[in-house]
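I am attaching a structure below and will ask some questions about it afterwards.
For reference, chains read A, B, C and D in written order, and residue numbers begin at 1 within each chain.
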Amino acid sequence: MLAAAETSLLDINVYATMPFWPLLGALLVGLLIAFRAKAQYAHWPVVLGVAATAVLAVTLFFDLGQKLPAPEGDSAPAVAHGDGHEVDVHHGETDAHAHADHDYPGFTHTLYNWMSFGAEESLDEHSNRWIPINFYFDGLTGMMLLFVTVVSLMVVIYAIGYMRDHHGHPEPGYERFFAFLGLFVFSMVMLVLAGNFVLLYLGWELVGLCSYLLIGFYFRKPSAAAAAKKAFIVNRIGDFGFALGIFALYMFMRGHVSAGENPLDYEVVFKYAGSLAEPSGYFGLSQASLVGLLLMCGALGKSAQFPLYTWLPDAMEGPTPVSALIHAATMVTAGIYMVARCTPIYELSPLALNVILTLGVVGAALTATMAVAQHDMKRILAYSTISQLAYMFVALGLAVPDSGVFHVFTHAWFKALLFLGAGSVMHAMGGVIDVRYFSGLRHVLPKTYILMLIGCLALAGVPLLSGFWSKDEIVHAAFDHSVLVGVIMLATAGLTAYYTFRMFFLCFHGKLRLPDEAGENPHESPPVMIMPLWVLALGAIFVGYLGVTFAVGSGEAFIGVFKPHGYFHDYLHASTIGHPHHGHGGMWLMYVSGVVALAGIGLAWMRFGQAPQDEPDRKILGPVWDLWNAKYYVDEIYDAVIVRPLRGIGHFLFGVDRFGVDGLVWFVSAVPRGLAFLLHFMQRGALQGYALTMALGIALLLLLWRWIDVVPPDVAG
Amino acid sequence: MPGIASWVERSVRAAGEWNLNGMSTLLVIFLVLGATGLFLALPGTRGGWRPVGMALLVAAGILLVFVLADFALGRELPIWFGGCALVALFAATRVITHTKPVYSALYFVLLIVAVTGLLLLMSAEFLAAALVIVYAGAILVTYLFVIMLAQQARLAPYDARAREPFVGCVAGFVLLAIIAAQLLVAPSGVGAEPTVEEAAGTVEAVGTLLLTDYIIAIQLAGLLLLAGMVGAIAIARRQAADSTPQNGGVD
Amino acid sequence: MTSCRRTLLVSQSLMDALGLNLLIFLPLIGAVVVWVARESLAQRLALGIGVVTFLISVGLWLQLPSVMERGGPGALVGENNVQWIAVGERIVADDGSSELLNGVALHYHVGLDAISMPLVVLTGLLVPLSVLCSFTAIRTRVREYYAWLLGLTAAMFGVFAARDVLLFYIFFEFTLVPLYFLIGIWGGPQRRYAANKFFLFTFVGSVITFAGIMYLGLRAAQIEGVDLISFDLARLSALLLGPGGLTVQEQSLLFLAFFSGFAIKVPFFPLHTWLPLAHTEAPTAGSVLLAGVLLKLGTYGFLRFSLPMVPEGALVWAQFMGWLAIAGIIYGALCCWVQSDVKKLVAYSSVSHLGFCMLGMFSLLPIGLSGSVLYMVNHGISTGALFLVVGMIYERYHTRDLDKIGGLAWQMPVMAFFFVLFVLSSIGLPGLNGFVSEFTVLFAAFNSDLLGVWYGVLGASGILLGAIYMLYATGKVLFGPVKEPEGTPDLSAGLTRDLTPREVVILVPLAIVVVWLGVYPRVITDTLDPALQTQVLDRVEDAQIARMAREAPRIAHHEPVIFGIEGEAVPGATTVEGGAQ
Amino acid sequence: MLLPYVLVGAILFVLGMIGFITRRNLIVMFLCTEMMFQGIIVNLVAFGRYPLNGVPTFDGQVFAVFLIAVAAVEAALGLALVVLLYRNKETLDAGAWKLLKDE
């Protein structure tokens, strides 16, 4: 048990408070708003809350690294199965069930029981099944929390500077912004910590809500309001499947679990995950495939995968820190996290993995091409985010979720850096973000220039920066799977380098040009904004080394020093991910991928090095470029194929409601109405007529009385 | 007469089984005669037939005497009863057949007197007196006032013609048939004749009853009378206020 | 010591009984007083009575756990049983007490168990709020208005408290009259038509229910072999499901009889057309109580009467009900999406939401039933709150047309906060109350043997559609550029641009409950679940066993595997059929 | 000896009813209602005097007294109404008032 362990830094109950500090901060800010306090210092509660969480997350990271049993596998010493139970807070019974096929090294900490399922028929009355509020701790949790909270903290600090005008006065809604940010960090930590699927769904929806609220932060702009709505609804489409997946999981699980086990707890689900190999009885799929595909729908929405990615570019309507935090670094990786978390289920379903792989490959390539033909800096980054998320999806589809999570990890740092850098540019340019309106900014924004360069290099996958290591692993796995997928991945990587540096050169190189909005004297951002960027930049450079081993002198190493797979992977293997099988693609691929990245950058330099005003690509590609620029008209197609017909059905049904259903009721009422029409001639208004009717009525009643014969027999004698 | 009596009895028993066909033929004839007679006697366009109607009604009355006499055979039914009953029914018939409301009202007085006789036969002296005083003395006078007030110079068209006499007679006599059939099969209370002393004390007895058991009801009746008075005044006032300007001064 | 404690308990239960009677009669007396009071006093008086009833209802609620501990899951808080209307011959005992021998007896039998308690507290909560929300909205015939509102309150408490079927029916119908006048006098431009339609729809349906209740009473007397017809709930259900009880045909017909009254009230899919109209025309308080409480009379009726009294009928019709519920969910949601009147939109969302409620109920699983009761409460809170907010907007802008207003979040940030909160509760955001009920209901539908996966799938599409129409409305009302009709906001009634403190006071309790029930729904379900099990589910399960026993011979004809009850009972399947009910 | 009285009472009642139905004059119609009262008074007294079982009581007479009171009230109000109606339309024809007619 972690709490009892001597070396653990903090008590488990302290870790369990982790999500609530930002929430507390958000609530305090809410109170400040309610009592109309000054906005100037409204960020403090949230900053402190997030900082507390971040500190806890870092501590937890090291605690878990020490305490979790070392993973079994060929490279690590084998550990007995029973070890998982020693850290089991939730229920201490150690008798392994016969059909429990896996024990994962995580453990659960329950706060309280949330919802009741009532007593199940198969159980005795006293063992209700619950959906508890519980947290699950394992390697994946620790790793996710680490970057989520640290990146969040950086973004929150950055926002203190960003959400102000040039004179340092807070924007309108400053407090609201921080309240939402606090709420978001709470939700995201909840999502990662959740110990059962319903709580996961809670975090899932809450981060969606925060995304909705923050995209719509500038709600007076119709485009922002529409984008917020779109984000929420598209996510809900995925959540529809996600919820069904949870239902299905419960349906399949409840037969397997024993008394006292809550069938949606991670611990229970993954313990009995092996039983999901049975056929489900629907569509000829196995249970694992059905559950896996349904859960995947959620990931498609949340992680902006093809075909549900369309909300993410629009989401850039939100303030830039939001784009950095929610729509690049953290929230959008929730889908990847969820699929990785469910590795024991996906392992059983090649079908689901193939679907994930296909969607990932299509998405990665498609959105990379779109990014080539955009003008808006944030949108370029958004498409690149989608493309990178698709990369991670490919890793999941290739059954190497540790590589996927590694890319999630590295990506969070450099993408947050890029977005915040773009935000810095935007801040200086007075809100203009279209690369056509400015260039040569390296003269006015030198620090931002350096930081952005680091971010772009990392994103492009230039060797020795973090993006390179994680991306290379995925490319490796892709080549292991098939050459076609590998080539597509590699090409996409090249494309990524190309469009990233297209943006970079257009923005920072060439002649200095400024938009009118920038004012006379654009200046570098204040330190409160630049400092977090440095932290992120350090991350962008160095976090990749967590995932490699130094093997100096070994022949099987990149440039003779680095070998793939390192501490990160070992750490991660102490989780539900287990030990994915990695092929040995050979070192040559690493060199190739490095060369491809550099080639992409070089091509971009050749074409955009002087930040040309006209689009050189457009001249070459012509209509194809236009198609890319128009994002393949996917939004328009969705609108025409789904939205309009559905709304048409709504109109139709409302018409049916007004005339059809109501008419039906009218028709039913027509019978008495007709009868009344026939009878209303009797209503002649003459007094005697009524008297006559009354007399006849009395006669009839008497007849009836006689007929029923209620004269009591004893009186009749 | 005994033959008729047994025939009646048989019929009555048959009626006990309940169907209309089995009912006393005598009663049926009475009902038919009465209905036809009343139909013809009611004011209307059949001016020439009114005497026929009257004759039929007289025949019906005689039949009724037979029915009653038959029933009373061997029991103490005073001859006074027959007399009062016939007078009452005659008066009642005239009330509804006479074309002139004044005469209707006067015949109604006769009806009251006859009913008083019936009540006396049942040794209900107090009620008999009350009936004469309240009805003949008070109510009918009011009626006459109103009739005078609203009197038409000549025969009013609505008095000259009955409204749907056929339907009315049929409905009325069907109801009567059903009631009579019920009565004939129902057990008939006999009750001991009161002694002279008892009979003499009815006023006291009724009075005691009214002021003991029914004291609350009496209060309520008083309240009702008061409310009626107030209502009548209110209506009268209202008409004075409302209708005068509209009708340009009827009075 | 023991006797002392017993005395304490007795006096406690007497206090409870007094409290429950006050709950019903205080508003009734209050109605009369308010009617004759001074106009300036009427508002405060009504509010005071509303608050007192709320406190009483909470007080009774706090008694519930201890009462259940003493008296088992079916125990009643504040039980009262008096013969009220009795017609027939009596036998008088020596001590002067008399007992009815034959005829009809109607008991004033009231009491609250864990099933009705949440709804009573919900009513208690909504009544003072709806009084409070009328302070500025109602400016004509003020005394009458509050009198009718309090009359409605009494009827609503009575319905949930009644333990006598006929008494239930009396209160059930009695709710119609005040609301009829509330809509017909203080409603919108089409109020007369709306009031008539509302009255006719609900009344016609419930008359058939009345016939069903009469049949139940007669049949129970027949089974027991007495001349005395009475309608006590416990007696009826014990008799009707005991030996010689109702046959399946009778049960399914009786279920339809109940259906006609309750389904219109719910309202179920094809019978819902009165609802949008009534909601749009009703004054805000009327809408709040209509959506918050009165619609629950239908679902409560199903739960309290249809399921326990005619469980086999419920089994026969369960799938039919499931389909209707799903049709309601999808149909209502799609209709919502195309509304331009925001109040009508919320009204249609009720159709959709109550479809969820019924779907859970007819899954006939423990989780589904408790989810369904939770849904009743949650829908009452979130939809009631939405109507309140919409009413507040309407008071200022005199329009509810989505195309005429917009961007109000800028003008009224506090209102926007509450609006968004209640919208989120309504679309089932986890952590808020709507989620718990929605999720459990869908769980139940998905896992039910009677309904099954496809019901769950189609029902779950409501999650998606709900988000679409609600966010559509939110976007139109709150976001985008500010759009206000000419000459508004109208602040003549002493309002401010954003919510006044009074209005905030109205919404804050609801907001608290929304969050509270979202994170700790067990405050209801801990007592609710055992009560549902003994009051409803046990009977349904017995009926299921009986049904299986009846079908066993037929199945045995085709396959060797026999669904036996208690193993060897199968050869005498007919005896099982008779005995197992 | 109940039956003869009751029969006469019934005939009086029915004759009154026929009169009420067939006559058009409001005053005569009112007279007819009084006639129906007479039939009922006879019945009440007869039932009290000749009970089906037990000894004669005076309750029938008491009821008849109340009936007379009611009749008096009815006459007062009814005649007031008749006068009112007459003043409004100058006719005693009951057919002149058909406001309840459903067009």
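Methods note: contacts are C-beta pairs under 8 Å (C-beta built on N, C-alpha and C of every residue); 3 or more make two chains touch, one makes a residue touch a chain.
As the structure is a prediction and not an experimental result, all values here were calculated from the model.
Colleague: Taking every chain's C-alpha mean, which one sits closest to the mean of all protein C-alpha atoms?
Modeller: That would be C.
Colleague: Take the average of all CA coordinates in chain C, do the same for chain D, and state the distance between these two points in whole angstrom.
Modeller: 52
Colleague: Chain A to chain B: how many Å between their CA centres?
Modeller: Between these chains, centre-to-centre, one finds 94 Å.
Colleague: Could you give the separation in Å between the centres of chain B and chain D, each centre being the mean of its C-alpha atoms?
Modeller: The separation of the two C-alpha centroids amounts to 8 Å.
Colleague: At what distance in angstrom does the C-alpha mean of chain C lie from that of chain B?
Modeller: Using C-alpha averages as centres, the distance is 58 Å.
Colleague: Pull out every residue in chain D that's touching 2 or more other chains.
Modeller: Residue numbers touching two or more other chains: 17, 21-22, 24, 52-53, 94-95.
Colleague: Using the touch rule from the top of the page, what residues of chain C touch 2 or more other chains?
Modeller: Touching at least two other chains: none.
Colleague: Can you list the chain B residues in contact with two or more other chains?
Modeller: 163-164, 167-168, 171-172, 175, 179, 187 - these are the residues of chain B that touch more than one other chain.
Colleague: Go through the chains and record each pair that touches.
Modeller: A-B, A-C, A-D, B-D
Colleague: Quick one: which bits of chain B touch chain A in the complex? Just the residue numbers, please.
Modeller: Residues in contact with chain A: 18, 163-164, 167-168, 171-172, 174-175, 178-179, 181-182, 186-187.
Colleague: Can you tell me which positions in chain A touch chain B when the two form their complex?
Modeller: 686, 688, 692, 695-696, 698-699, 702-703, 706-707, 711, 715-717
Colleague: For a test of understanding, state which residues of chain A touch chain D in their complex under the given definition.
Modeller: Going by the criterion above, the answer is residues 680, 683-688, 691-692, 695, 715.
Colleague: If you look only at chain D, which of its residues touch chain B in the complex?
Modeller: Residues 1-8, 10-12, 14-19, 21-25, 27-28, 30-32, 34-35, 38, 41-42, 45-47, 49-53, 55-56, 58-59, 61-62, 64-66, 68-77, 79-84, 86-88, 90-95 of chain D touch chain B in their complex.
Colleague: Hey, which residues of chain C end up touching chain A in the complex?
Modeller: Residues 200-201, 270-273, 331, 334-339, 365-367, 370, 407, 409-410, 420, 424, 429-431, 435-436, 439-440, 442-443, 446-447, 453, 456-457, 460-461, 463-464, 467-468, 471-472, 474-475, 478-482, 519-522, 525-526, 529, 532-533.
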